[in-house]
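Below: one structure in structure tokens.
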């Protein structure tokens, strides 16, 4: 689905992280780890095609779904409307926003404007959008952050289903929060080696 | 330092959480737990005096320092300038911003504009501000979120020092991320009981 | 002091207010209907047409009372706003925000009836005369209050923000009024006056009756709106369910 | 990037258009806001310059058009900002939908909400400003042709400034020079109509500008939006 | 809330004032923006209305003042928004410093960056617009007295709309009616000076408005900021 070789990005003329090689195929679940500021978010944005790499090759053959720190919720619309919007935008008439909201544990807040949701509820809403997207490749930046224990289990369930159905996912995480799913692979993001590389 | 009795807040004319009683004294470390949307953030904002309670009594006898989801960093200023600003604003000429940045593990990013920091680095910067504030009571909303393992240890160190020196802290957290400090107390935030209260 | 406070508290209690206003509203509507019928009869049928303006002068019986009301409602609204901000009385918040559309409607009626009146008398729908201009500014102030209220999700926060704006507007209104008058005398546009000073009693009476009618209309409209709003906001609470079960009493 | 797009690019137009209308009209009272705004701006002129009808008449079309320009700029300031701040633009870019078409949909919705009211309101404004009757339909026609150009050109500016802070003033600097030809043509046409002269030439030029803006601006907007994410 | 404040409330003025200047000057180019905006808006009038010097002269003070109003509103839109979005206002509220004094410090810094340049530039604009020489110093004086009022009153609006949706247009709707007296007095005074009439009365009234704004507005701003956090 996705192939990256020697990928890196420069900010202020310094590479942010050491060149990364990554091949993502059907059913793969990659977990990016690394210290604060090591470049996980940057790498995910590269993979999503939001940023153009300074060096290296990137080839992606499928559509991607992206959940970053900015959750792309419209504060004025309620949860259901936000999800309907995502469904329409993805053009998937078969998917059911109500069902997605239920799966994300948001049935209590369906008609609440997204602006009044708590941090965890917002995260859940953004994750529910994944269920309405046809993209086989999920790119998730710290999806566990702000979720309660219940939410973590829930997300693990979604991930297991997605990966089991032949999808793939690259996600970043911190500390001991790893997916409770067998067969995930870890990729540690390292700082760029000192010295230049011209 | 702080006394709250039967405290609650209404949103859209429904109480957000069941009335809370809380007494915080010197050296106390309170950890608020509860599911997503249970009202931890709301309670902390109440304690900080940002919101007026709909019912119940709240008395606070000391100044508070607050770290919420919005980290109050100026994206155009670099890390050091942000901390200097916090110091000047707190009026503590004795505190050293450079030292605070070091303690938060930000020495690599001192002259980077805060807008270019990673999520974890931003959180660290906001936490470093606590060291520059004279307030004995810290109110922290999900301080562990976005921090790497190193950052969690670091924050535990800061908390232990602060509480050991006679300060106090009320913080919210999720899942298994609890302070590695003996003697912290947990307060579970519960949903409001159904039925009304007129 | 404590009695006043108790009264405040009582008035500020939504169930009490709901019951009390429920008794008052029908009488206000009846008083309005009777006075309006009487005033319109005297204005449209009994009073003579103007020797200069002809039948179009009858617009006055709508125009002038609503012009008076437009200013009065703003002052009352800002008064409720003060109660809402200073004492955090929820009923005052509701009365304040329920006043705004009524006041805006009076202002709009003044402007529209004045324009329609202006066509035959001045030959144009609009001139930048002092009273017209300050009436227009007043409309903007009302619309600002309504717009600000609607811009928030949390009703109590919205009402308090709108109250603050209404108070700021109240402080400014005299300044606006004064400066617009001064501006107008400075420029002296087309020599048109709204002179109604030497008004004949046969025209004055219906005017005064209509003025009284509009006050009852405001009271009735305000309380009805406030009651509906209160019931809608508190629909989850026991007193509101009981009130609904009793048929909205 | 060589991601294979799975959904046909045009598919996003409908949802985005409907979303924008929904966001604009979340509350009933919001429909009136662009209208009120325009009235407020126009009414500054009699207050600040002169209320005398004959003086107003001579500057009516200019003032109404300048007010329309300012109203457009003020409303365009937020045109892409919310979507940028909450991450919606990232989502569009990742989705594989054409950013240019999304921009067209958004500009169309924006014009419907903020431009069309100006056109519809123009007779009232003309009355306020004492514009002679012959000028009124031409004024409305120039506004109908011109405001979409303002919206599209302004959207380029809005996309360019979205990542920068303090968009508002920077935006006006970028777009006002581009607005000058529109302003000149439009006021020229209306003035000609008032004086009983032919004005078809100016209207034709304005139509040409509209066609050019509709075909070219979307690509500029898309490029600017991509840049804002880097 | 009965938190005991440990720091004297006035202490925040200096840091906040310096912070705002620092933020403003961080982007050197932004300092010129209000000025350029003003020039651009003013130059629309010869284009849109009439380039004839005698016509421009009669509307000079009005146009310059309206442009100043618009420049103020455009820059005020963001006056508290950044601080609200990044959480700075929460920090001020928790700190125990007086929000009213913080507002004064911010308004002062804002005026220094966005208001004072308008005053200094006004002679140039007056020349462009063919304002007779007698009017120029009076125009500058009215701007010097009036722009702080605009900033303070506008800050109330900015604080009220900061947590609300669709700030831009709503803000202008809120503040323009409040600006009417300033606009009238200022253009009146300048017009009187041009005509050789006394204008001290108007200047005195403007000074009174300034005093009133300086004493009252900070409390309204503080109340509005507190509300925005609820």
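In this document, chain identifiers A, B, C, D and E correspond to the written order of the chains, with residue numbering beginning at 1 in each.
We take it that a contact is a pair of C-beta atoms (placed from the backbone, for glycine too) under 8 Å apart; a residue touches a chain by one contact, two chains touch by 3 or more.
These numbers come from a predicted model, not from an experiment.
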Report task. Chains touching chain A and chain C alike, please list them. Result -> B, D
Report task. Any chance you could check whether C-D or C-E wins on number of contacting C-beta pairs? Result -> C-E
**Report entry** Most distant chain from chain C, judged by the mean position of its C-alpha atoms
**Finding:** A
Report task. Would you mind checking which chain's C-alpha centre is most distant from the centre of chain D? Result -> B
Query raised in the report: Could you state the distance in Å from the CA-based centre of chain A to that of chain E?
Result: 44
Query raised in the report: Using the average of all C-alpha atoms in each chain as its centre, how far is it in Å between chain C and chain E?
Result: 32
Query raised in the report: Taking each chain's centre as the mean position of its Cα atoms, how many Å separate chain D from chain E?
Result: 26
Report summary line: Averaging C-alpha coordinates per chain, one finds the centres of chain B and chain E separated by a number of Å equal to 36
Query raised in the report: Which parts of chain A, given as residue numbers and ranges, touch two or more other chains?
Result: 69, 75-76, 116
Query - Junction residues of chain C, two or more chains touched - result: 140, 143, 147, 154, 183
Query - Set of chain E residues in contact with two or more other chains - result: 27, 85, 165-166, 170, 173, 176-177, 180, 184, 230
Requested in this report: Go through the chains and record each pair that touches.
Outcome: A-B, A-C, A-D, B-C, B-E, C-D, C-E, D-E
Report task. Could you please specify the touching residues of chain B with respect to chain C in the complex? Result -> 11-14, 52, 195-196, 198
Query raised in the report: Can you list the residues on chain E that touch chain B in the complex?
Result: 1-8, 11-12, 14-16, 18-19, 22-23, 26-27, 85-88, 90-91, 93-97, 229-230
Report summary line: Counting only contacts in the complex, chain A reaches chain D at residues 48-52, 58-66, 68-77, 81, 85, 88-91, 134-135, 139
Query raised in the report: Which part of chain C faces chain A closely enough to touch in the complex?
Result: 153-154
Report summary line: Per the touch rule above, chain E residues touching chain D in the complex are 27, 30, 33-34, 36-37, 40-41, 44-45, 47-50, 55, 58-59, 61-63, 65-66, 69-71, 73-75, 77-78, 82, 85, 165-170, 172-173, 176-177, 180, 183-184, 187
